[in-house]
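Next, two complexes with chain A in common: one pairs it with chain B, the other with chain C.
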Partner chain A sequence: MFIADIRKDFYEVVANQRVVLLVAPDIDALCACKILQALFHCDQIQYTLVPVTGWQDLGTAFLEHKEQFRYFVLINCGANVDLLEMLQPDDDSIFFICDTHRPVDVVNVYNDTQIKLLIKQDDDLGVPSYDDIFRDEDEEGEDSGNESDEGSEPSGKRRRFDEVRIKPSRSKREWEARSNIGTLMLPEILNELLNFHLFSCQAAMMFFELAWVLTKDTKDMLWWAIIGLTDQWVHDKITNMKYVTDIATMQRHVSRHNHRNEDEENSLSIDCMRISFEYDLRLTLYQHWSLYESICNSCYTSCSFKLWTLNGQKKLQEFLADMGLPLKQVRQKFNSMDMSIKENLRDVIEESSNKYGMKDIRIQTFGVHFGFKNRFLASDMVHATAALLESAEKDDSETDTFIKALDALSRSNIDRLHSGIELAKKKLIAIQQTVASCICTNLILSQGPFLYCYLMEGTPDVKLFSKPMALTLLCKYLLKAFVLSTRNKRCKLLPLVIAAPKDVEKGTVIVVGIPPESETSDKKNFFGRAFEKAAESTSSRTLHDHFDTSTNNAENRFLDGKLFLKYTEREHCE
Partner chain B sequence: MVSFVTARPAPQAAGTVCSAVPVGRKFLNTHTKKQTDMDPSEVEFLAEKEMVKIIPNFSLDKVFLIGGDLGPFNPGLPIDVPVWLALNLKQRQKCRIIPPEWMDVEKLEEMRDLERKEDMFTPVPSPYYMELTKLLLNHASDNIPKADEIRTLVKDIWDTRIAKLRLSADSFISQQEAYAKLDNLTLMEINTIRAFLLDTLNCMYKLRSNVQ
Partner chain C sequence: MFCEKAIELIRELHRMSDGQLPAFNEDGLRQVLQEMEALYEQNQSDVNEAKSEGRAELIPSIKLRHCCLLRNQRCVTAYLYDRLLRIRALRWEYGSVLPANVRFHMCAEELQWFSQYKKSLASFMRSLGGDEGLDITQDMKPPKSLYIEVRCLKDHGEFEIDDGTVILLKKNSQHFLPRWKCELLIRQGVLEHVVS
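Entry: the complex of A and B
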């Protein structure tokens, strides 16, 4: 059920209890986790933090902790499956779910006792009303009088969960009845609902609002909430419209914090954190890199110039000349560029990029600075943390990388953050080179209803792409680049499926599918279902383990089946 | 400068030479090898007992601790608490710290100028001014206006006083004095020079006694 008052129904419930935090491996979840940890530290609430990378991990973690803990907080996982059925918890375990994945499973919505959703209800979730899916158990008492209904199948007949509490003897029967009901029995509404996968308002923002209601919100927490929002935008999970609306909300909080502290007489120490609204360039990491490198390795500019062609390189040189920036300056580290150039840089770049067809070179975002040296934009932090989270070090287990990425978010670990930025630079360079080589060697094949690309094992930096976030980023850049470089009009409207080797010894691959590139996309992703059906039909072993259903692990055989094509086509018919 | 009484000890009485370590400490035998140094963190720990004013945002009845009572907390009403409690509450976002009266740019500027003019040590703003500045400015700098300037001023005062202390220690040793009296020194300043001074005096004593 949806929680109405987050302070009363969530925070005060866990206030004197021990809690388990199960956190998914994405940046928004990390930020939400940080905010929640800070709140727990203030009120000395004991908690255990368990990073979970997939459904199996979630199950194992739950089994390990269910004896000792009653309260579980799930961050960015768990809303889109029937959690009670998957985990089979005892009756007194309570789950608080704060998740950006949509659609929310209807069982989670209508369960009044064990599952509490920390999600705003006015989100247009499109959850069908209770009566459409469940039939009331009161009717059953009346129905027993009607002979015609006695022999009917238990299709669609479910009990209200809170009534199960009153009559405990029936609950077991109820479980069995439900487990017999296959997916085929579900009415049409639900079928439509479950077809797509979408992201919605971020978990970090939810917890920041909790902190705000408790008046314990600090600038650190606000910054983490901003990073959570920017993560959704960088990884292309939300529409532009939603991003701008959320930025406006954040801007209100930022001005509130800024007004609170600063006025002319009592100026704040330079070490205090200052968040400011910036209408800054869309060049990734440009303040920590040289301008030239940043232009070459940012998706937007690289695709607009088509930097994998010779023509593109020439256009870039023209662009720089047009702005009057000497090559020597542009190739230097940004901090060492001449002040005279840096002053009007944004306006100069905007003017010139309009001439070259890049209308959106500037984007609304936030920047932070504390101390004299440390200035970061929100997108810098997202890239650095993502690179740390998915770094392919041999010795680090996934928990280690999770903890390192979590550490990088606090202000006292600037070194970690800088190492994250270096890793992010390598990752971006790798992505650009892979994109360039894929386009130039025509590795993208059109398989009828979709485009398809397979990264061979020997491709340089392919180890970086065995992780879901990096692979998804590569997939999106590749699709953008492909759409701009192909002449085939039909191909421009196709979705892209990409596969990369995950574990060479076991012969598994990781597969990601993204919807077609369009200006007005609502970011709904149909591939979850498609992959499931294809896996059934090709009877290859797949592991739909990731919380994001558009990614899954499979063995090599999965990709060969022609049936795979057929099912993807069916799912994609719009 | 140090004000001292010169009394040249007779060589035979060398065994009984002891130098008075200044204000607030008892006389120590310099030639006994004891651990006479305090860790700066211990001095900071002692400094945390000082009282500071806070404005809490919660309410709590009177708390009875071994060290004393801490009065009832009411949201919005200022109350005096020890620094250790103030910092803990601040980190848990349960209060706002009000800077002590002496932590003000103009007052500190006056003190700094006075310190530079005088030869003797001038009265300090607080017996733990250095530690309190560090603690409060590290944890609560958003509640203290003009924090950067205050940090610079306190550092200036500290530097001047340490310079004077070094000079007087130097003259004490070179002129082989037996007694020195220093007013207005704080524990932190004493602590910085204690180990060095006592070791030096031990060495000097050994050298003198071996010559004879």
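Entry: the complex of A and C
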């Protein structure tokens, strides 16, 4: 059920208890986790933090801790699946789920006792009303049939709803015992609901608002909330409209924090943290890199100029000449550029880029500044933390990288942040080079209703792309670049599926699918369902372990069969 | 050369300067004691000879041997005393139960000394702080907060805290626990204090 008052129904409930935090591996979840940890430190609520990388991890962690803990807080995992069915908890375990994945599973919505959703109810979730999908016990309905799905959509089953609580396993057995009439069609509403996968309001913001309601919010927490929001924008999970709206909300908080402190007499020490609203350039990491490198390796500029072609390179040189920036300056580290150039840089670049067709070179964002040396934009932090989270070091397990990324978000670990920035630079360069090589060697094939690309094992830096976030980023850049470079009008409207080797010894691949590139896309992703159906049909082993259903681990065989292609295309069309 | 073995003992302790306790060098000690005995015997006979026959030229060699004896004594007592100091530090580091590999390095007398030290420390602690006594081996530095955040560096299995709850310490999980329960594990290197 949805929680109405987050302070009363969540915070005060766990106030004197021990809690387990199960956190998914994405930046928004990390930020939300930091905010919640800070709140728990204030009030001395004992907790245990366990990073979980997928559904299996979640199950294992739950089993390990269920004896000792009653309260579980799941961050960015668990809302889009029937949690009670999956984990089979005892009756007194209570789950608080704060998740950005949509759609929220209907069982989670309508369970009154064990599942509490820390989600704003005014998001247009499109949750169907209770009566449409459940039947009460009293109605001796004739529809007692069970829908024979392969178990991949358990919430689609009609259940008898016990008035006190749901006991899914028992009712399912009883159901099957009584089922005699044939299979039912899955109710249309649910079908529509479950077809897509979407992201929504970020977890970090949810917890920041909790902190605000408790008046325990600090600038650190605000900054983490901003990073969570920016993460969703950088990884293209929310629409521009929603991003701008949320930025406005954050701006109110930022001005509230800033107004308290500074005036002429008591100015803050330089070491204090200052967050400021910036209408800054869309060049990734430009303040920690050279301007030239940043332009070459940012998706927006690289795609607008088409920097993988010779023509594009020439255009870039023209662009720089147009702005009057000498090449020598532009190739230096940003901090060492002449002050006279740096002063009006943003306006100069905006003017020139308008001439070259880049209307949105500037974007609303926030920057932080503490100490003399440390200035970061929110997107810098996102890239750095994402690079740390998915660094492909040999002896680092996934939980090790999770811990490193979590550390990098604290202000006291600037070194780690800087190492993250270096890793992020390498990652961006690798992405650009891969994009360039894929376009130039025509690795993107059109398979009917979708585009398909497979990164062979020998591709340079392919180890970086065995992680979901990096691969998704590559996928999006690739699609943008492809749309701009192809002449085939029909291909511009197709979605893209990309596959990369995940583990060479075991012969597995990781597959990601993204919806077609469009101005007004609502970012709904249909591939989760499509992958599942395709996997059943090709009977190859797949592991739908990631919380984000558009990513999928599979055997090599998954891709070899023509069946995969056929079934994916069929599912997409429906 | 005389006193070489005694210096060996001292060097052995000096090598492990970070407070670790090396194995009790029973052999070395025995050799030093034998040397001392031999010197003493020689000295005895020489003194008797010098007294009875009035041979004054034996006096310097008697003096030399006497100096060697004193030096050996000093080295041996320094060795034994330094070991005792290290064992005392172990009580503060590890608590009242020593790990097996450390006990292995102590000789029987040292073990006895350790248990007596434990007893006197315990009775002292009981005498402080009213009825219950005060555990002064906790909180070696003044604590800043009641609960601290710790990160688990290796799998340690289950860990029980005061009210009976059992926490599973798995690698890379973080916990927010009462300070006094974690101190011991932090010293042992299982947990790491996370400062944010």
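The criterion applied here is as follows: the second predicted complex is superposed on the first by the 526 of 574 C-alpha atoms of A that agree within 3 Å, B and C clash if a C-alpha of one lies under 4 Å from a C-alpha of the other, contacts with A are read in each partner's own complex, and residues count from 1 in each chain.
Everything below uses one rule, namely that a residue touches a chain if its C-beta (ideal position, glycine included) is under 8 Å from a C-beta of that chain, and two chains touch if they have at least 3 such contacts.
All values reported here derive from a predicted model rather than from experimental measurement.
Colleague: With both complexes overlaid on chain A, does A:Arg18 touch chain B (first), chain C (second), both or neither?
Modeller: second
Colleague: Looking at the overlay, what does A:Cys440 touch: chain B (first), chain C (second), both, or neither?
Modeller: In the superposition, A:Cys440 touches no partner, neither chain B nor chain C.
Colleague: Taking the superposition on A as described, I'd like to know which of chain B and chain C A:Thr399 touches: first, second, both or neither.
Modeller: In the superposition, A:Thr399 contacts chain C only.
Colleague: Once chain A of both complexes is superposed, is A:His41 in touch with chain B (first), chain C (second), both, or neither?
Modeller: both
Colleague: Should A:Leu49 be classified as contacting the first partner (chain B), the second (chain C), both, or neither?
Modeller: A:Leu49 sits against chain C, while chain B stays out of touch.
Colleague: In the superposed arrangement, does A:Ser410 touch chain B (first), chain C (second), both or neither?
Modeller: A:Ser410 contacts chain C only, not chain B.
Colleague: Check the contacts made with chain A and report whether chain B or chain C touches more of its residues.
Modeller: Per-residue touch count on chain A favours C.
Colleague: For A:Ala248, decide between first (touching chain B), second (touching chain C), both and neither.
Modeller: neither
Colleague: Report for A:Leu493: first if it touches chain B alone, second if chain C alone, otherwise both or neither.
Modeller: neither
Colleague: Can you list the residues of chain A that touch chain B in one structure and chain C in the other?
Modeller: 41, 44
Colleague: Using the touch definition from the top, list the residues of chain B that touch chain A in their complex.
Modeller: Those residues of chain B that touch chain A are 57, 92-94, 137, 141-142, 144-148.
Colleague: Mind listing the chain C positions that touch chain A in their complex?
Modeller: Per the touch definition, chain C meets chain A at residues 146-147, 149, 151, 165-168, 170-178, 195-196.
Colleague: List the residues on chain A that touch chain B in their complex, please.
Modeller: These residues of chain A touch chain B: 41-44, 215-216, 218, 261, 265-272.
Colleague: If you look only at chain A, which of its residues touch chain C in the complex?
Modeller: Result: residues 18, 34, 37-38, 40-41, 44-51, 64-65, 67-68, 397, 399-400, 402-403, 410, 412 of chain A touch chain C.
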